[in-house]
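There are two complexes below, and they share chain A, which is joined by chain B in the first and by chain C in the second.
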Partner chain A sequence: MALLDIKNLTLEIDGTNGWIKALDKINLTIDSGEIRALVGESGSGKSLIVRAISGALPSNWRITADRMTWKNIDLLSMNDEERRKIMRNEIAVVFQNPLKSLDPSATLEEQLLESIPGNLLDKGYFWQRAQQRRVIAAKLLHKVGIKDHKRCLKSYPHQVPDDICQKFMIATALAPNPELIIADDPTRGMEITTKAQILRLLTRLNKTKDLSILFVGHDLLAISSMATSMTVLYCGQTVESGPMDKVRKRPLHPYTKALLDSAPSFRKDLPPKSPLSSLEGTIPSLQHLPIGCRLGPRCPRAQKECVKAPEPRRIHQHYYSCHFPLHREKR
Partner chain B sequence: MSPLLSVEDVSFTHIVENGWFQRPRKFVLSPVTFELNAGETMAIIGENGSGKSILAKLLVGAETPTSGAIYLNGQKLKYNNIKQRCLNIRMVFQHSNESLNPGITLGTILDEPLKLNTQLSPEERQEKVEQTLRLVGMLPEHQYFYRHMLSDGQKQRIAIARALILNPQIIVADEPFAALDPSVRSQTVNLIMKLQRDLGLGFIFISHNLGIVRHISDRILVMQEGNVVESGKTDVIFNWPKSEYTEKLVQSHQAMLSKN
Partner chain C sequence: MIRYIVRHINLMLFTLFALSVASFALAYLFPADPLVNLSGVQRLSEEEFNLLSEKYAMNESIIIQYLQYMSLLFQGDWGISFSSGLPLGDEIKRSLPASIELSAYSLVISMLVGVPLGFFAGLRHNKHTDYVLLGVSVAGYSVPVFWLALLLIMLFALQLPLFPLSGRISLLFDIPYSTGFILPDIWLSDINNKTAATINAIEHMILPTLAISVVNTAIVLRLTRSAVLDVMGSDFVQAAYSRGLTVSQVIFRHGIRNVLLRILPLLALQTSTLLTNAMIVEVIFSWPGIGNWLLQAIYQRDFPAIRAGMLAVSAFVVIVTVLIDLFARLIDPTQGAPRRGSL
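The block that comes next holds the complex of A and B.
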């Protein structure tokens, strides 16, 4: 069953020359127990999707969707209090840049204790409850692989190294026992061994606690080593989605193919120092969006038809939006 | 023939203020020795705080080593001769965004090192700026642009252009690809490899991206806690790592790969 089900999510931002579709008919589902990767370059709208899910959008933006449900409950028609409750207890978000999302003036202990909800504690006197909180906090830190919890809890955010900080953020997110964790680029800039640790941690949580994960980022190697399915985003449009192995082995959308080819690790046949394949140019800004398929100006397969936005099509569980997908010969 | 760059027993000591360890701590970079030939690429890998960036700064002369010597084409570099260093070994910084002055045009940014370090006339400098912009795949018009008008990839190109404009023999870069998106990253990697082929440039870079390290480097230096734990040919390091630490790094990378 889909935990989170989003169909045709469109987000419009008030630009100087009228409304701009920052997100254009986004489709995204997360099944229970699934690790889904949301992949795209900076500015493709990944963080906007995360904000739209968590309800943290400015009130003057226009958000519409054919469907946007959490466990079959409509998120968009819900009042703020109900929405906050879900975001507090059922969906947890780990943001990119942990340092920015922590309070620099409070110790990590204060911040972690605060994120443990009261309903997880037994009844008792307040000092007993405070003690229980501390026990839970220590357990949470051990769970994410922080062994020296005492030293960690005493520290202020700027005093701990990046990787501990990121693990700490995950611990905070786990505190209320959520069903879904959304991790927005959690391994950005990390060295490989630390990154491997964080990925193992998330994979383990997924297996042992049946935690669903939305893993956001563009580190394809990391993503494909852990995710079970993947949704690819370009410029605010979902271009392809499906089971990880299908999309990896047989991408149908030119953008997905370009993205996969850009990682030298995936190309075992690639001679050392040979040029890497890459699309020309860069992702356009919101002020200069092409009409129709937004990849058009950079797409090696583009033709006249591409000025009309392609409708999503599918083969089994594999969805793609392209007039000239890779399984068909270019005319 | 002497190698392009030869680093002999270069070491460095300084005191770091470090909250996590509560007390200030002494950072010691143990003597480093290596050689680099023209057109070659060397990658420096290792954990954060292991001394990679310090080593890069020592190479470009932004820090002075406690001991040891650096030779360029067999000639010893003197620490008071910053000019000679600046001209021949240039640095591309980690965050090109922060290292490009937002208030002046790209043309001025590129012109500054020429003004400071060469005797060229204004016309010659103008010519050189345009030529360098073309070299990194940008247009002469871009000299009238400001930083905020560029994409991440273009900023990285300008950072490389600024390093190239004095015709250096070696470029040292600290995490040049980390902030870049996949397609821009490939474009930048391709640009650097092309410049090496065309100009015989030596390239030394720090990176966590072992996929790229493996693809473009000839040699690797592995660092841990201020020590070079291992160095050698890229192939050898990946296939027959000697130290436990290198093995762990390579395994982490292979583990991600093998799940595919």
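The block that comes next holds the complex of A and C.
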């Protein structure tokens, strides 16, 4: 069963020249127990999707979707309070900059305790509840691999190293026993050993607690080792999505192929000192979006039809949006 | 921690040193004889002249003179006033508390009104409430204090005789001087109608305090509003919302503390504006404070009084500003945070 099912999500931002479609008909599903990777280059709207799911939108944003459901309940039509309860108990978000996502003026203990919802405590008198919360907090920290929980809880965010901060963020995310964790580039700017630890931690949580993870990022190597399925995003449009191995072995969209080719670690046959492949040009800014398929101007296979946005097509579980996919001969 | 204290005290000492040099230089820069300007004694006889020359070390080098001047300052001998002939130290001790009292009350009022309104405006950013409050604060910020004070007198003292026109307390009450602040003085004194005196003093206080508070409230409101916008738009507030906290939980647990930590150092900078406005308003309300006193000194070319008054007021502003700033840093938990490298 799909936990989170998003169809044709469009996010518009009120700019100076009218509404800009920052996300254009995004499709994304997350099944329970899977790790779904959301991949795209910087500026492709990955973080916008995360914010759209988590609610809390600025007043100059507008969201429309054909379907945006959480466990078959419509997220868009529910009121703020119901939405907040889902965010409190069922979905958790780990942001990309752990230090900035923590209140600098509060100790980590305060911030961890407040994210433990009251329904996880057994019925006790109210003066016993703080103690119960502390016990849970210590357990959570041990779970994510912070051994010295006393020292960690006493500290302010700026007093702990980045990796502990990120592990702490994962601990706060785990506090309400969520069913889905959205990890928005959780290993950005980290050392390779720390990165490996955090990725292992997420994978282990997925295996042991049957936790679904939406992993947002652009580290293809890490993603390919942990994710079960992948959605590729370009400039606010979903380009291709499907099971990890299918997408990786046989990309159907020219952009996915270019993306996979651009990662040197994926190409074992790469001779030394050969030029790395990349698409011409850069990702367009939000003010100058091309019509139709947004990859059009950069696409090696683009033709006249590409000025119309392609409908998503499907081969088994593998979806792609392209008029001239790679498995068909070029005309 | 220690580093901050040392740095702030260091800053304070150097600024005070510069101020004392300036005040000493004034004795030479004002017209008339430096000895007269320093001591405040006019029409010296031969004998007095020699005595005072000895006292102020006028025959020594200028550095020795400065050191002598400083040691006299610390002994409390600030010279005497041309106009009243009284020791300046005592005169300042009488008038400065009155100004501080006025500024302190208006600071309290502007915090009590400005901070909540600023929060309100910031939380309703780009809505009508925000625009209205911002408009009112621009108006309050732009109104000249002296004109506002006159307007208040016209409306609430002359047209509607609700409040007394000027002064600090009715002449009927004879309050002996002990601290210089009127309300504590009333409570410390042994007059038999303390309640009546308190009410009377408060009635006198309302109009001047109001006149100063308007500008200050507008400033506090704007500072708070921009700090609220800053904090509520920051990543950690977004993160707190995404953790499913309610709006009030986010504001009370994460909003208020961060906003106050941000505006406190900015408020320290407003001390000088506050005291300046108080000094202007004092003149209009004949409030016996340092502003009124200093202005009289300027009218009468009372050079020793100008010198001493300038030193007292500026030293007070510097000390208060530095102390508030130091306090703000000491209670800020992020102080002393090392700079982080990032990849």
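One rule holds in what follows: the second predicted complex is superposed on the first by the 328 of 331 C-alpha atoms of A that agree within 3 Å, B and C clash if a C-alpha of one lies under 4 Å from a C-alpha of the other, contacts with A are read in each partner's own complex, and residues count from 1 in each chain.
We take it that a residue touches a chain if its C-beta (ideal position, glycine included) is under 8 Å from a C-beta of that chain, and two chains touch if they have at least 3 such contacts.
Quick caveat, the model's predicted, so the values are computed rather than measured.
Of the two partner chains placed around the shared chain by superposition, chain B and chain C are both touched by A:156.
Look at A:12: by the touch rule set out above, it reaches neither chain B nor chain C. Of the two partner chains placed by the overlay, only chain B lies in contact with A:218; chain C stays clear of it. Contacts of A:100 after superposition on the shared chain: chain C is touched, whereas chain B is not.
Once chain A of one complex is fitted onto chain A of the other, the partner contacts of A:59 are limited to chain C, with no touch recorded for chain B. By the touch criterion stated above, A:172 is placed in contact with chain C alone, chain B being left untouched.
Contacts of A:109 after superposition on the shared chain: neither chain B nor chain C is touched. In the superposition on chain A, contact of A:31 is made with neither chain B nor chain C. When the two structures are aligned on the shared chain, A:189 is found in touch with chain B and with chain C. Across the superposed pair, chain B and chain C both touch chain A at residues 156, 158-159, 162, 189-190. For chain B in complex with chain A, the residues that touch the partner chain are 19-20, 46-49, 151-154, 175, 178, 181-187, 189-190, 193-194, 208, 210-212, 214-216, 234, 248-249, 252-253, 255-257, 259-260. Within the complex, the chain A residues that touch chain C are 51, 54-56, 59, 84-89, 92-93, 95, 97, 99-107, 110, 114-115, 117, 156, 158-159, 162, 172, 176, 189-190. Note for the complex: chain C touches chain A at residues 126, 234-236, 238-246, 249, 253-254, 257-258, 261, 332-334, 337-338, 340, 342-343. Partner chain B is touched in their complex by these residues of chain A: 41-42, 155-156, 158-162, 164, 189-196, 199, 218, 220-222, 224-226, 248, 258-259, 262-266, 270, 272-273, 275-279, 282-283.
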